[in-house]
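Quick one: structure below, then a few questions.
Each chain carries a letter (A, B and C) given by its place in the written order, and its residues are counted from 1.
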């Protein structure tokens, strides 16, 4: 693709050798003469001036004398778009590997790809263009929409429903039993785990993540939400649309999360918490059982407090030994005054 | 099952249409005319009065005018029992899938179910009624008792011993090497990991959990203990009976845990900690290396302190910026008095 | 092996029955008459005096009257060496299981072991003596060096490069997509994840750990580093040589870690952090985005501070309710003096 074509595609203005050929994308440091890269922010633009990249996407108004650039309003987003045009999309080869075990009652679109050693149980439905990596397991009655991809060894328990354009990375488990027990007579009695997992369209789930089925209701992951690796999502959790949940975060039973919520890594959320739209939870924060996090608020710490309060407290915290010293000195002085008085 | 039959089974008193037919269980909100549900506590009872459920299990003495109810001493436990009677138990079909790879020296009860692509190595023993999901791996010499279920892709390393009525969810790994090294001559030398994992009867383990073998001794999970998803249990850990360990908790090497211990999610326990019977550890708490947590005590925070102390400190913590201001004011006043004195 | 032979091998001095036969190693408590064990430190030496072990490795100068011992400079390290001599090394049987699916374009050394249900895609290279456990998946173009072992159900995405003498435990995922999105127009756009994972020689990785591929660059795990179970390593992370990273730690995108760094369990490291050589990070610590941890420093807490400062602050923290009381008293006294003055 010529640089002037890329500029046209992105609606950007190019500077330099517009008819040079670009064949791929790369990072600022590693990009070569046939590769496109991007630079945002002062430091990146400085490094960009020394880049060997064939073309650099830069913010509108930025100039890199002597380099071939395309000015765009959002260079990183522009790179995503250019990459989509430059790089061949993953082709899904319609095929069922001879080692796959597929129930005769399963209904697979002819355009589905089924890898080696996949197991598909009774009454499963998989729609057009979906790819199942090697060793994927789909339990009885699972439904998957179109153009989704399940990487190797994903396990989907019976009855789960997965939408279209969903990506699930290797080793993730969808629909295992929730962790619900009633303690009586000296032992733990398991509560029925009869609900489903529903994963809406355009969701992406990382590797080795676990999402439990609902106990009596359902566990729901809303459209467009992105979940990282090793995340735990318990029974009856409802996550809204376009949320981002970073690695190793754990969400306890019956938590409700709104839309556009952002959670850092290793966050812990207690039972029955409600997190409203657009809230932001800092990494490693712990939200206690039953708490409500208000729309748009930012929280940090365990137990979590508003971010600004946490930071203020924290600043005082590091100063605590000094404060204690000061109080001791004051005590002495007051005692001395008291005597002399 | 008729409501009056359910009432008889539970030893409860029914109100309303005793000869109505119930076919399943459901949540308060979703239950229909042929479903049983339960309500405990004021808010739930209030919602129950608007429920469309065919029958509602309520605490003794509670009345819901116009609804069909059964009074029982423990509604949630009663629901578990009713569900066991109402819902068909999982049937284990005795069969060995033709794609399974089973060593001729393995001894499997004829009533065992072996799913597709299971691998069973030499001298494995699996007793009656146990089910092995698709892709399960049992290493040489593994023993599993009766009526256990291993969901798809559980890996059991050679030599592990698993009891009866044990459930292990998908992707969990039992018996991988402990993380033990000796640093010398500029590199880490691996300590021998020769011990076993022993999982006693009635244990349930979630999905993608990891339990390491002992180094020279054994790792033991005591009878009736319940372990959630993504939990890490290191080499030589000994967990007692009827413990509950929530998701993403990590337990370091040689930790000893008593009976009836309850641990929240994302707890971290350092090497050689001892946690005595009935202790409760709050979510995200961190127990430092070597610490002893006394019988029945409750701990929270990192490093963990007694729960009540933690809460007191925490209350002061949020007040810390005010305290600092107060000290500064006092300083000024004392200095002023000093001058004027 | 005779005790005197073991003593010679270890360069140690034996006491007692030098011509007794030793057949294995065991812990202090469980070792029998034909087993070797070790004791380091006063308490262990005391317990050693009651051990039934055939021979005990003790520090130079230690004496256990009536017991057969070998004095060595580092008993635990000596045990590792003795175990290597006493215990038969794992034999890799060169074989490709008939249920494995191996691309004709893959190049496997004739000495490689390929377990049941393994899948090897196009152009994979596996060198001599490497063993692939049941159900391992190697994506297109993966390269693995010699004498490595991948336990059952490890997934290696296309293009990853793994060195020699590398161990990867069951269920780990190497090379899944990084978690990188750009938010625009009300949804998250996925950033290209085109880089690789490079795992150098002598690395050990635990079970169910996840290591993401680089986005535009590579994710690199340096030679001799040891990574525990359930660890998350994000895209573009670079870990140096001989690091130790304990279970459930999470390392965010583009973090750089030097050599000989030690990290406890459940540590969280934010984006673009730099941790220099020989730093030590305490369990559950949280290193905020962009922070630099200096060479050899020790950090703890969230947000992490120098260990000694954290401990000082922490001591004050538990004393905080007292401090608050003291300040209130002082206030009263100062107010009283003020009036009386």
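Odds and ends about this structure:
One rule holds for everything that comes next: contacts are C-beta pairs under 8 Å (C-beta built on N, C-alpha and C of every residue); 3 or more make two chains touch, one makes a residue touch a chain.
Owing to the predicted nature of the structure, the values given are computational and were not obtained by experimental measurement.
Taken pairwise by the contact criterion, the protein chains are fully connected, each one touching every other. Where subunit A touches subunit B, under half of the residue numbers in use are shared by the two copies, so each contributes mostly different positions. Superposition angle, subunit B onto subunit C, using Cα atoms only: 120 degrees, a multiple of 5 between 0 and 180. Once the centre of each chain is set as its mean CA position, subunit A and subunit B turn out to be 26 Å apart. Residues of subunit B in contact with two or more other chains: 99, 117, 135, 153, 171, 208, 230, 248, 266, 284, 302, 317, 320, 323, 327, 330, 334, 337, 341.
For subunit B in complex with subunit A, the touching residues are 24-27, 29-30, 37, 74, 76-77, 79-80, 83, 87, 97, 99, 115-117, 133-135, 151-153, 167, 169-171, 202, 204, 206-208, 224, 226, 228-230, 242, 244, 246-248, 265-266, 283-284, 301-302, 314, 317-318, 320-321, 323-324, 327, 330-331, 334, 337-338, 341.
Subunit C meets subunit A in the complex at residues 99, 101, 117, 119, 135, 137, 153, 155, 157, 171, 173, 176-177, 179, 181-182, 184, 186-192, 194, 208-210, 212, 215-217, 230, 232, 234, 248, 250, 252, 266, 268, 270, 284, 286, 302-303, 305, 309, 312-313, 316-317, 319-320, 323, 326-327, 330, 333-334, 337, 340-341.
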